[in-house]
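A single structure is presented below for examination.
To keep things simple, chains are lettered A, B and C as they appear, and every chain counts its residues starting from 1.
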Amino acid sequence: MLNLSGIGKRFGGLTALDGISFNVGEGSITGIIGPNGAGKTTLFNVATGIYPPSSGAVLLQGKDISKLPPEGRARLGLVRTFQNIELFGKMTVLENVLVGLHTQSKAGIFSCAFRMPWQMTEERRVRERAKELLDFVGIPELMDVEAGTLSFGKGRLLEIARAMALEPKLLLMDEPAAGLNSSETAELADLIKKIRDLGITIGLVEHDMDLVMDICDQLVVLNLGTMLAEGTPREIQDNQAVITAYLGEE
Amino acid sequence: MKSDKLKFLAFCLVVLLAPLPLAGGYLTNVLIFVGINGVLALGLNLLLGYAGQISLGQAAFFGLGAYGSGVLTTTYAMNPWLAMAVVAVCVAAFAFALGFPVLRLKGHYLAMATLGVGVIANIAFNETVDLTGGPSGLSGIPNLSIGGLIFDTDLKNYYLVWSFALVMIFLSLNLVNSRFGRGLRAIHDSEVAARVMGVNARLMKVQVFTLSAFISAIAGSLYCHVMTFISPTSFSFHVSVELLTMIVIGGLGSVYGSILGALLLTLLPEMLRTFHDYDIVVYGMLLISMTIYMPGGLVAGIPALFRRLLPARGSNA
Amino acid sequence: MELFQQITQFVISGLATGAIYALIGLSFAIIFNSTGIINFAQGEFVMLGGVMTIFSLNVLHLPLIAAIAVAVAATTVVGVVFERLAIRPLKNATPLALIIITIGASILIRGVVMLVWGKDTQALPAFSGNDPISVVGATLLPQHLWIFGVTVLVIVGCRLFFHHTISGKAMRACSFNRRAANLVGISVGRMVLFSFVISAAVGSLAGVIIAPLTMTAYDVGVMLGLKGFCAAIMGGMGSGLGTVLGGLILGTLESLGAGLISSGYKDAIAFFILLLILFIRPQGLFKKGETERV
């Protein structure tokens, strides 16, 4: 599904990533883990087009998307969530999901201003779909609440609903469990599996090892900007290099 | 949805009846300018209040509209309605082309760049004496007319200007409560997140900038035909700041707030004769205090104030 | 030959106004670097410098040096009050709110000056007479020398302050990374206040030394402020040599353009340059592009 080949990223003299290559298998849940400063978030930003890679290529279903801006990648089905939830705080929960449905609708400035009949039909359709998505993540009752007032956990659910609105083929989540308590994390794990069962491939950067070991099919371990290991959760747990990176030399 | 329609109809009714008790007096004339300023403020509010992109050069588009119509209908004797359409389209095309480089800039830089556009336009109005009459102005601009109906009295002009205003308010209300408007507000909240959602931020910003220029140009055309005389001082930096003050007072991101702000800032100086020299001091204080204490403007601030006061009274009773 | 003389003349007067733009540009950069704010009221500091000097001279009958000192001090107080009343109450303000507030402050200051001192244009006498000095066929006024001298002094002073005093270094630390500066015990709030103090002082001084050449009035701040901003943008918003060069180039181009092409468009020249630079090289003329870190 997503193929990273030889990704490198430098900021001035600082090498943040070097020679990262791996494949996120279709239909899998792939976790990217590593100690602080390993380059996980940078890798994420390169994959989603926030900044261009200094070297290497990002391939989505075999197509080179290295030069596409974030919105172009979103249109191809690569969608992300943020570590610090980036909701549209001054808009309602429903409107947030409606913005997610932006690419699923196409009314432009004129048809919106003049309320063309087909635009009205489209508007009804996207509103229905937005409500379905809020049902899917389990917060339909919060529809008209201003998103900025949501708790962190509910905000995360809304962000996932909004991302799902883009009909992703591949959903990348940046530390989805950060800031959640244990019951919220358990709910999140169920939700992520539910999304995978819809046939959507998932990639996630995560610190919460219990969550990662529970839901991921495949893990990639980064350390200091390079690839340390790749494999199933079981293989990674037994990998000596990974244990050293996390716990330090004996 | 339904209450929105009722609100708009009620507003139309108020606009329709407002001049009746005034009997064509002096205040009718003031209300014409409330309409023109309201349209201008609305244009700026779509850009600043919704999309979060500041412009300190609105007076440039207003002036281009006014001078465009003024020159075409006097020197070239063009039909005023045709001139208005031609000018509005040309100004919009100019704004569209200008929008791509200008709206790549953000925040302070955007403010300075638009300010620069405004100042250059004002210098041009002053210096192209052969075309615009320079500092002494352009006179003899004809009134608008439909068939035999000439818009030559305050009352007629009132209804003329406000029909334009109502149409624009109606279309703006449609716009902000739709896919396009949601896209704009998303860009305002977080441009990065909006782009990740597939919102084409660059293009939408340019589109709304173009729309606001188009609206300002129409206001300019109306202004020149109502006044029949224009001079560069009506399109100076001061006017851009006045428009900014209007929407900050009325309410950033509120269609009706634009009109409320225009009403207050147009009426106040007329009500208080001595106000004139104090106006910029008052504007300055309003801009600072509203931004600090009532960032949503009166439209959001007054209901909030009531909500805070009412429960207190309830507990006393 | 006559053209050559003319051009020399334009360059000399251009460099003098350019030095003023450089000073104003510096005062923009000082606030920007410690707060991230472009202060739209910066031009009013410049105006206050000139107007207050004239007031101290004509109404308070102070000697020139004292009048200048009073004007600079008073403007600095205005800067402090402005920071306390309008900037500090807004924690985590959006750039939009800050733009609107500083515009508000700008027209407020302008309005108050207009009400107190009226709308008339006033002149400040030249510091040491008006006897021209002839330089390669062009005339140089003593005031030009004052402008160059004061500008050099201010620039050297700023350099010494920012690189060789504890407060100056602390302010530079804030401009690089506010949080880190805070963590090592620098009071960011105080540094912001300092930046307003220094910036108001530099700005008003620029207003004082230009006043004898161009006259002054309540509304000269807008144009001077904008051109100073243009200089700062040319220099990449740094408080160093780039801004000084930017100011000098701008002043010279403006003076040449006004003299050789059309004086009516003199002010437009600066804005065309401003727009061009914002569109093509927003990082300034002299800086290399940096990798953006989001």
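Going forward, contacts are C-beta pairs under 8 Å (C-beta built on N, C-alpha and C of every residue); 3 or more make two chains touch, one makes a residue touch a chain.
Here the structure is a predicted model, which means the values were calculated and not measured.
Geometrically, the chain at the heart of the complex, using CA-atom means, is B. Compared with subunit A, the chain whose C-alpha mean position is the greatest distance off is C. Contact counts per chain pair peak at B-C. If each chain is reduced to the centroid of its CA atoms, subunit B and subunit C end up 32 Å from each other.
One inter-chain figure worth recording: subunit A and subunit B are separated by 41 Å, centre to centre, where each centre is the mean of the chain's CA atoms.
Taking the mean of the C-alpha atoms as each chain's centre, subunit A and subunit C sit 47 Å apart. Annotation for subunit A: residues 50 touch two or more other chains. Residues of subunit C in contact with two or more other chains: 294. Listed for subunit B are residues 192, each touching two or more other chains. Only residues 171-172, 174-175, 178-183, 185-186, 188-190, 192-201, 207-208, 211 of subunit B touch subunit A when the two sit together in their complex.
By the touch criterion given at the top, residues 48, 50, 69-71, 74-75, 79-80, 82, 86-91, 95, 98-100, 102-103, 105, 107-109, 112-115, 119, 122-123, 126, 162, 166 of subunit A touch subunit B in their complex.
Across the complex, subunit B meets subunit C through its residues 48, 52, 54, 56, 101-102, 104-109, 111-113, 115-117, 119-120, 123-124, 126-127, 192, 237, 241, 244, 248, 277-288, 291-292, 295.
In the complex of the two chains, the subunit C residues touching subunit B come out as 37-38, 40, 85-86, 89-90, 95-101, 103-112, 114-115, 222, 226, 229, 233, 262, 264-265, 267-268, 271-272, 274-275, 278-279, 282, 294.
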